[in-house]
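In the two complexes that follow, chain A is the common piece, with chain B as its partner first and chain C second.
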Partner chain A sequence: MAKISPTSTASPAGRHRAAGRALDHLFAALPALWLLGVFIIPLGFTVVFSFGRSSFGGIKLDFTLDNYAQALSGFYLDSFLRTIQFALSGCILCLLVAYPAALFIARQQGARRTALLVLVLVPYFTSFLIRVMSWQILLARGGPIEWLLNVTHLMPGPLDVLDTQTAVFIGLVYAYLPIAVVPIYIVLIRIPAGLIEASRDLGASAWQSFWHVTLPMSRPGLATAALLTGVPMLGELVIPALLGGDKGVLMGMAISQQYLATQKYALGSAMAVLVLLAVAVMVAVLVRLTRGFEEVSA
Partner chain B sequence: MSKAFGSLSRRSLLTMMGAAPAAVAISQLLPAKALAAGALNIYSWPDYFSNDDLAAYAKKSGVTPNIATYNDNGALFSKLNSPAGAGFDIVIPSSGWIKQLADKNLLLELDHAKIDFSALDQSLLNRDYDPGNKYSIPKDWGLLGVVYDPDAVGGEIKTWQDFFDAGAKPNVSGKVRLTKDAGETVGPALWIAGKDWNTASADDIRGTKDFLKGFARHVKTFSGFDPAAMANGSIVLAQANQAAARGAIQQNPKLKWVVPGPHSEIWVDSYSIAAQAENVDQAYDFLNFFLSPDIQVKETEYLGYPAAIAGLQGKLSADTKNADLIFGGPGVDFSTLTSFIVNPDTIDVYQEVQNEVQAAAGA
Partner chain C sequence: MSAPSGAARRGGNLLLGLWYVLVVAFLFAPIVTSIVYSFNVGSLGKQTSTFTGWTLNWFADAWNNVSLRRAVQVSLTASFWSAIIAVMIGSSLGFALVRHPNPLVRRLLSGLTYILLIVPETVVGTSLLLFYSVTRFRLGMPTLVAGITPLAIAVTALIVRAGALTLDRRLEDAAADLGAGRWNTIWFVVLPHLAPAVLAGALMSYVFSFDNLVISSFLTTPSINTLPVYLYGSLQYGPSPAVYAAATSVFVFTIVLVGLAGLLYRLVLRRGRPRK
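Let's look at the complex of A and B:
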């Protein structure tokens, strides 16, 4: 396609290109329709509901801010703030573990690099639920990690980490690690080796070269990784239930309760919109952080 | 088919059913009506029928029921209350939600001429959540009780006050399980205060908050009851139903089970027919098959929850372990048991207390 010179659409090549464009539009329309049907329209309902009034299992359309007032006060405000703090902590922890792993893999060559990448990715193809539940077994009393800590004399006696925040964060970092490693790895392998060499030739130490060249150039990867991990963590409810004993109330759980246990769709919708706004802020901040990268990479 | 499944344990079946969620997700994308004609669509709790009995019904009737699952009465209510609920014939709400489903016109009024109630335990009929069984037929029932390690707890538990006192003891604190169900957390505190959980006012319900939030620091988990955690000692005191307790006691026979006083809960999961059912005759046929005494005995042995026929205990096979526990164990005074009925005016207050208790436990 790229070699076809721009000519009028009357020529055979032009017709070919027009047909190709129609196909491109069709391919683009399919995901767009899907997005419209399963994301934009339901989101529209959620926004409209969030200004309505709840009855049990019903909604009366209106324009009231009461739901937002309730969602942003007292217990629910605490939950909202705690959820943001939870997602930020989980996201930062995930990046701290993922970055060195991605850097290590990016510095390997050939088959070894592929093998390591596959090792990181394979668990991701298992069911999310099974990956999280496997930590219940690993972290349980009398389980393999307790045994390991005991025989290495790192910790005597029973391990009581299940149903704590520590277990939640272990599960969180583990579950989201692959989607944090991959985007960072991709930007790292694209950094021209010549830039690193140049920095070393100009007298930078290995650390200075990392700090002034590698790290700034991996910002888009870090931003993508932060987005891919932080956003789902804002709605996380499975890991706190399975590994944290459901202690502490995060927004994911609070929203699901409004929709299920108390059948208050309007309040649940307002909470969902707030989480979405938090996501939007996160995206805006990350876009801002990576602005100007195009010039750097060029 | 029945022989192949007969040699499998429930657990291995559950493992095999790991692929089920994907199948359910795909089937939900299909229009429900495509499934409906000459069929039977059941919306049920997971793993709530034995495969042997389902196969027997398919053989008898020529209809293999399609079963979709939920694990929360709220999810059942939301689904039936939405366009996605069209196409279901039989649903299995718990006692507490039947009135709400019926009030929203989501259940069909039953034609009693088409169901044989005679073999059923009369004490499970005509209860306050559905007077005259207009909308529901009992399927099986359970009790809210406590399973505990008497050595760790250092004494006998007879009342809910004993339960909360035991949980605060130094070697029990941090090894306690409460349920995630708001009624089952708040109910015991209301009963201690001499109140009825179905008539308690919003103030009564909020009145339990400080006490329960104070207790929250002793709680290890609100997640599903885990018999393994009771076997390895990471939990020594837990709210549970009798079937879960029986499972734990089979793993660790020194554990004890009690239904504490002064009151506790009896819930009854019930068959209902959805208002928009398209295979109503097939649904009655299925219900009569599953209400027959032989099938009820087999279902009880499979599920561990007692089915609703009268005189069931004497009919279970002799090798059923701890059979008396299926029925709540000895000494349960059924006259003190009560069923929670969801009330739109107070359910959010119950949930408010539950949320704050769970949050306090995590603080």
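Let's look at the complex of A and C:
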């Protein structure tokens, strides 16, 4: 459709629009400036001071790679690699659990669909910390899950899950599941029903049409879900601390210790920058995977 | 469609439905647990994983705990201001994401919004601590509020953006053709249309800010301590069931708040409908 409204600045509407530009720029500048001050510049400080030196109770500007050498060796390297492995597996698990649930919600209609989606989001209205603490209760010896497994004869004897990697994965999937369901759901409801019907008319089985039509079409949703789950998992602090015991320190805990316990700010900054680099790599990979889908993901 | 494949599809849907039920059970298990265990007698004033009996005492205990109450107060204040800032800045960001005339600016802003969501909170928290310690800025309520706003801004921006995408551009053009300035167009045409999204954004920012633990834990001081940070600290000594009682009360309060917001949203929607 051709534009009806005139665009030349001579017309009244155009003049208004030119004056309106100022307001549009304000709407863009306001968040940009605020976030620059409370978010971007502090992150910049971390990058700059990752080349600095920790001094007694503080930090000094310098240009040294010592912090990176330390962060990429021995114990810290182990914890960096372990963190990446945890985030990747946690993210994949999360997507595997979220996808069928999102598919089920997307196949419903109207108010029922909304209600089913809202139900998945309810946990966000309760305290995150209390939910993780409740997993401690649920998974502990003598806790409800052990009782349930014993009563139903699914597993006799005590349950030894708390303070293991399994408990950390349960916690990670648990915490990030709702945020993984939403983007997958949004993409699924935008797949035209006619496309699925066409594939069925052409003789595809339900499974084939899922595998060749629905799944490839939901790639951008999966990528967004991976972004919103896997990337924050790289800095996860609370779940490994509460459910994993002190075994297998992850990057989030290691970084926070540099700040809150040993006050090695420079080393902590270098480790934080490494996490940011891992984030950047993950984002780059996901952006590549969804190339050509800008319209759908928008 | 042939009968067998219809049956297969129904079978598939049944499996998906079963999966969904399991997911919801998984999501609700800890919530139910935290509520039930806020009535747990416990042992020696500590929470126990084995349920030892029902009591209401922990609610009184939580209410009478001065430091707990102070923490709730700080959390309420901090998340209130964070929500106010997030609504103003997040709404304008969400609107700019859709309506800014320059596509490059839109792209940059959208990248910024995603960065807010994905930079791990630990990195944000430590960066802020470093920033304030180097610039010798004293930690307090303003630094805490400023620290928790980015996440709330991103959430509000995404919700408002979704609302702005459904906004018919011709409405704004019509208003401009009829002589309304940009400001009047936004105030009288755009804002009423976006009101439900803005309200939803305000609510989500409030809830997210109230619940923030990781960033806040780097920015709290002995006098400015939020509820999640206080609870996290209390874990070292083994939490008392009063902690669960406090969380249950906050949950009930939040649900009432969300219910009210939902009601408000419906009212706004009904009022807005004839104008469409």
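Here is the rule we use: the second predicted complex is superposed on the first by the 277 of 298 C-alpha atoms of A that agree within 3 Å, B and C clash if a C-alpha of one lies under 4 Å from a C-alpha of the other, contacts with A are read in each partner's own complex, and residues count from 1 in each chain.
To be clear about the criterion, a residue touches a chain if its C-beta (ideal position, glycine included) is under 8 Å from a C-beta of that chain, and two chains touch if they have at least 3 such contacts.
Keep in mind that this is a model prediction, so the values were computed, not measured.
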item: Fit or clash - chain C, chain B, common chain A; value: clash
item: Which superposed partner A:Ile130 touches (first chain B, second chain C, both, neither); value: both
item: Larger contact residue set on chain A - chain B or chain C; value: C
item: Touched partner set for A:Asp62, first chain B, second chain C, both or neither; value: neither
item: First, second, both or neither for A:Gly142, with chain B first and chain C second; value: both
item: Contacts of A:Phe75 with chain B and chain C, given as first, second, both or neither; value: first
item: Touched partner set for A:Phe49, first chain B, second chain C, both or neither; value: second
item: Contacts of A:Gln257 with chain B and chain C, given as first, second, both or neither; value: first
item: Which of chain B and chain C A:Leu242 touches, first, second, both or neither; value: both
item: Clash with chain B (superposed arrangement) - responsible stretch of chain C out of 19-27, 73-81, 109-117 or 181-189; value: 73-81
item: Common interface residues of chain A - those touching chain B in one complex and chain C in the other; value: 127, 130, 140-142, 242, 259-260
item: Residues of chain A touching chain B in the complex; value: 55-57, 75, 78-79, 127, 130, 140-142, 158, 160, 162-163, 165, 241-242, 244-249, 254, 257, 259-264
item: Residues on chain A engaged by chain C in the complex (per definition of touch); value: 5, 12-13, 16-17, 19-28, 30-32, 34-35, 37-39, 41-43, 45-46, 49, 58-59, 97-98, 100-101, 103-105, 107, 116, 119-120, 122-138, 140-144, 174, 177-178, 200, 205-207, 227-228, 231-238, 242, 251-252, 255-256, 258-260, 265, 268-269, 272, 275-276, 279, 283
item: Partner chain A, residues of chain C touching it in the complex; value: 1, 5, 8-9, 12-13, 15-17, 19-20, 23-24, 26-31, 33-34, 37, 47-51, 85, 88-90, 92-93, 95-96, 99-101, 105, 109, 112, 114, 116-131, 133-134, 146-147, 149-150, 153, 157, 173, 176-177, 179-183, 185-186, 207-208, 211, 213-214, 217-218, 227-228, 231-232, 235, 239, 243-244, 247, 250-251, 254-255, 258
item: Complex interface listing, chain B residues touching chain A; value: 18, 72, 74-75, 77-78, 81, 100, 104, 174, 180, 182, 219-223, 228-229, 232-234, 344, 347-348, 351-352, 355-356, 358-359, 361-363
